[in-house]
Amino acid sequence: MSRPLGIAAIGYAFMGKAHSHAWRNVGAYFDVPAIEQRVLVGRDTAQVSDAAARYGWAESATDWRQVIGRDDVDIVDICAPGWLHAEIAIAALQAGKHVLAEKPLSNTLAESEAMVSAAQVARELGVQSMIGFNYRRVPALAYARQLIAAGRLGTVLQVRASYLQDWLSDRSAPMSWRLRKETAGSGALGDIASHAIDQVQYLLSDTVTEASGRLHTFVGHRPGPDGVEEVTVDDAVWATLSLAGGAVASVEASRVATGRKNSLRIEVYGSGGSLAFDLERLNELEFLDATDPAAEQGSRRIVVTEPEHPYVNAWWPQGHVIGWEHTFTHQIRDFLMAIRDGTPPSPSFEDGLQVQRVMAAIEESAADKSALLQA
Amino acid sequence: MSRPLGIAAIGYAFMGKAHSHAWRNVGAYFDVPAIEQRVLVGRDTAQVSDAAARYGWAESATDWRQVIGRDDVDIVDICAPGWLHAEIAIAALQAGKHVLAEKPLSNTLAESEAMVSAAQVARELGVQSMIGFNYRRVPALAYARQLIAAGRLGTVLQVRASYLQDWLSDRSAPMSWRLRKETAGSGALGDIASHAIDQVQYLLSDTVTEASGRLHTFVGHRPGPDGVEEVTVDDAVWATLSLAGGAVASVEASRVATGRKNSLRIEVYGSGGSLAFDLERLNELEFLDATDPAAEQGSRRIVVTEPEHPYVNAWWPQGHVIGWEHTFTHQIRDFLMAIRDGTPPSPSFEDGLQVQRVMAAIEESAADKSALLQA
Amino acid sequence: MSRPLGIAAIGYAFMGKAHSHAWRNVGAYFDVPAIEQRVLVGRDTAQVSDAAARYGWAESATDWRQVIGRDDVDIVDICAPGWLHAEIAIAALQAGKHVLAEKPLSNTLAESEAMVSAAQVARELGVQSMIGFNYRRVPALAYARQLIAAGRLGTVLQVRASYLQDWLSDRSAPMSWRLRKETAGSGALGDIASHAIDQVQYLLSDTVTEASGRLHTFVGHRPGPDGVEEVTVDDAVWATLSLAGGAVASVEASRVATGRKNSLRIEVYGSGGSLAFDLERLNELEFLDATDPAAEQGSRRIVVTEPEHPYVNAWWPQGHVIGWEHTFTHQIRDFLMAIRDGTPPSPSFEDGLQVQRVMAAIEESAADKSALLQA
Amino acid sequence: MSRPLGIAAIGYAFMGKAHSHAWRNVGAYFDVPAIEQRVLVGRDTAQVSDAAARYGWAESATDWRQVIGRDDVDIVDICAPGWLHAEIAIAALQAGKHVLAEKPLSNTLAESEAMVSAAQVARELGVQSMIGFNYRRVPALAYARQLIAAGRLGTVLQVRASYLQDWLSDRSAPMSWRLRKETAGSGALGDIASHAIDQVQYLLSDTVTEASGRLHTFVGHRPGPDGVEEVTVDDAVWATLSLAGGAVASVEASRVATGRKNSLRIEVYGSGGSLAFDLERLNELEFLDATDPAAEQGSRRIVVTEPEHPYVNAWWPQGHVIGWEHTFTHQIRDFLMAIRDGTPPSPSFEDGLQVQRVMAAIEESAADKSALLQA
């Protein structure tokens, strides 16, 4: 690797800003291959030019097709909306560029399957790909997975995963592309429950085999710029998932949970212990060791800032907490290391597709399943 | 009411001990009609005699049929197991005794319907009946209901109720009558999810119309005194409930949630605010007022020990917390006041039957509903 | 012990109500000698008669001198204000009655010393005495002491104890006997800091040898029935205490800590671990074991409701929390067991005197000790 | 301001790394004057060269005197140890460079006074200076100050500030320059209590006029490279501070508080409300509004991630927490804005000197003040 890897990022909104932070900072904390932030791509010439300057990119551009063809671009980081993922990712992989795609993998199963096929072909040629389930890089969750894998929870029986937000609990909140099935694919299901589903499989190193669930839209119509429009995605979703290893997980996601801003909460219960995590306190992990004497047992509030914890050694002394954005820094660290080593990064596009299959099964089961009460 | 009301309690185990505490203490804190703890009934002569002496009862007896016929008994408090409820309650009501029955109302829908019929007949004659969903008398939950009824949460959209225990997370825990369908009716569903279901309807002053759910037994066989036996009830249950008023509630109950000893947790999300409660901290209620300025919003940890809070004025100064057993003291206080006033106490046997109908709908829906993942 | 022990309680206000609860219930939960609530003593004939009926006393009386002379009274429980303690306690002990005195032992060092002398004489004759630092009987704190004594914290270095209330943060709160030096002795110091001081010595099984501190009255005048009066006691106190074993404890108590209703918080830091407790969550204890691997360390939230925890086996299953009033039930349980066994109960009047010596040293040091900032 | 401001940072260890992060990122989030990271200064040629490359600096150097003379350097950021502060800062100010100095201002009152003099002379010439009490830029604390200034707490009466760490609770932890008076000035007092003292004055917009306190060294000797050495600074400090406005603050800092890694905890109690904060949860602020109806009062857990909160709008959507390092980003943002506007930044060197005067008063009062207990 004689010259720095050239990076192109597509999208400069929320995710583009967060990914840029990661590219700009990863080298200050981790021993990764040298990179250069070559070009930031967006639709609005002026805005993308301004964002590129702020976020540390050498240039900006508006045509992603041209950018993925550039010789000085080695990695394409897709932060565009979901409906563009398949087209960009497949083209980039075919152009021999390593691809990091934000979640969800795409808006449809068919597109995701095509992306997986492209990734498999590219992988044979040494071209890597990864999906951005960034919460796998929260130190507390990465550490939780280690504890489970090491058997500290015994046999995992039950998982409770919820992702609660509240930006739609206000009935007058306006219509947006996120509330239309054509553009968003689904609502809370794809946007946030997907993170919870991925975590269940990630933490348990296991696979969902069966799902049942329910979707609900509390507010069916919302004001748009041209009048009232119908909301065609779910505000909330509830599901139970069966895992191959015998565990059962409940997943609940909502955009109307007033007062919860970004609360991905996960509880894992095993025969030998339990864990609990909340994204609003992402530097903490609760761990109960059921093999302690009964009188001494209690949920330990671990402040996940010890050098022994995943990723933490790169940062600050104990008790100095890190922020949400560094989940992306860690993600890019791992992506770059995989590229350096020529090993497939994780989570793969296949992992992204598996999450979408779980979502599809939830939607299928949601069609018909509740029982009326007997009179 | 010229002489003290005579009380007979049937059952001296866990619930009998708790109810005895309430009968023994209610008059020291509340201005209720005078009562006398006349007789405690149980099957074992020696044990019930000892329990009666400890718990403040004047006498003990072993034949409940004889006791409910005594002239000096006005109230029959049924703390016996569920499979005895119907027979005792109906006989007592027919004998003109007011009846307080522990939950669940009974083990079958048919028995519960018969109990409701008996209660309706008796009520016409001024004979009262009540089911012991004691958590309605937790001050924090009674206050939560007041806040909701006063509109402080706006329109309630979503409820999350869970009841987590862990006494079965140990695979070697022994078989017992609670794990056999014939004696227990169901597992976590009837024992603890029933409380959660009752709370959903109580807090929202609303009625469940539709349910879907799933039951699971993690450990199918357990050691009994005569060898391994099959567990025929659920270890855990998950359900979503639709309420007449438009809200959706999730209910999850488990006996394998390692580290959770008695955690009935309830979260209520409305358009104007939210509430959260955990029985392991029963003197606290979290309340978020979404009409506060955004910067000042936060979940308030209310210590529910102010004189303005329900039931609290009878007890101690602010910040002096009360225990779980006083939910029964409050329950008996309300039961006695209803008898004094000749008004039907709440929750009624009908309320108990409604909870069982919800449970039946969950069981029905659980029979067939999950979707396999696509290959 | 052929007949039940006869009890007389003096005082029927807050403490009298709490002690009555304990006498009424102790036998239902613990195997103690039989007792009878013979007589409740108070100044107001009608009120004490009413209180006696509510709280389970056979009779009431207004002359404590006569009562302590009764042959059917074996134990005198002093719930009267502090300025009466010495006179009653000494007379009762001299009459051969076992004495339980509420804290503080008395309002002056001299009175307390006289009480100790009387207790020592009586003890030689088999007449027992005890001071009511009831928080020693919080299961979580009794368990904390066991952990420390067992070396689970290594060498204790530092203790932080605070007792925060807020009933005086309102500038218009009225004058009362608690705010006059003549009647109350001191303010936050004697009323609540005394509990914190006792806990420091109790938890560490150690003795304070040296103290320095400061007292402050934030609101110097308050409205009385006959006009504005001067407040002559402290609203808040701060102190550091040196213990014989080398630890240093800080103590802070306040009646103006807005929002803290009854928060006795204690943190203990040792070379091998730490503990934290808050009376507003009296069923919980936080314990950190510093000998756990660094990555797994965290403050454990122990729900102190296991049968292995002190006093708990008498009550309810795990996770069913108890209330503040049972600290008195436990206290009386231990007092009765000591009487049965003929052993001196703990804490003794000497322990009460020691706490007052610490308070006297704080007051002494508070007289002159701060440094003005250099200009 | 026609060309970017040139920055030189002196020191590349813990603070240098944190400040570098801030310089590298401030422009991506805030509209500040353009800057360039020109040169990083350190003693070790190889190490500082490596650090400069990692942290985004154009060059490295080993002679700070030469660097402060460079024309392309406009700002000198002093991250060197305290004993170097005075010399560097005074020279840099005299060279016409704006200076940001890490806290403590210096190790002695005399040096600090000289620095203040130099800052005052420079200020007249438009050359700015600032001391790095970075916790003033925690959004939750900046917001807390706004709430207090707006009167939401009424009259502030009492403050409790503690800063607890535990890296010395292990008796075998080695000797270091931080434990010698000559190099460190003091122990917990200057290192961490200084932050707490600054916060008290900052939050209340008030000034300490009087102090009393105590210092203690729990472990008097520690292993050094050449044998056991004497520890000549404090492990822990306790103090009470009187503020000009009538409030009283307690300050406690410790390096032996096992399990507390970086817990700066501040509680503020006023006649109309209270606040609580813990640095280990730096995105949260607890606020109790005592003007709410009593039954509804409770400490609100505000997640300080709303766009209305100080500094937050630059970052992420609600509920996406930020890390400790951004306190420095905000500090530099404010420093740059002050330079742009030609206004003195805050906190000034005078503010730093005032904190040191408080520390000196604590040390003075600590010399003699405790009372032995009466025998």
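Order as written gives the chain letters A, B, C and D; numbering starts at 1 within each chain.
As a convention for this text, a contact is a pair of C-beta atoms (placed from the backbone, for glycine too) under 8 Å apart; a residue touches a chain by one contact, two chains touch by 3 or more.
Keep in mind that this is a model prediction, so the values were computed, not measured.
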Would you kindly give the rotation angle relating chain B to chain C, two copies of one sequence, based on a CA superposition and rounded to a multiple of 5 degrees? 180
Pair of chains joined by more contacts [C-beta pairs], B-D or A-D: A-D
Between chain A and chain D, what distance separates the C-alpha centroids? Give it in angstrom. 36
Counting only Cα atoms for the centres, state how far chain A is from chain B in Å. 41
I'd like the Å distance between the centres of chain B and chain D, where a centre is the mean of that chain's Cα atoms. 54
Of all residues in chain B, the ones touching two or more other chains: 260, 288, 297-299, 303
Residue positions on chain D within touch of chain C in the complex are 109, 153, 155, 157-158, 160, 162, 166, 169-171, 208-212, 214, 216, 218, 236, 238, 240, 242, 246, 248, 250, 252, 254, 256-260, 267, 269-274, 288, 290, 297-299, 354, 357-358, 360-362, 364-365, 369-374
Would you tell me which residues of chain D are touching chain B in their complex? 143, 285-289, 293-303, 306, 308-309
Contact footprint of chain A on chain D as seen in their complex: 14, 17-18, 20-21, 24-25, 27-28, 54-56, 165, 167, 260-263, 279-283, 303, 305, 316-326
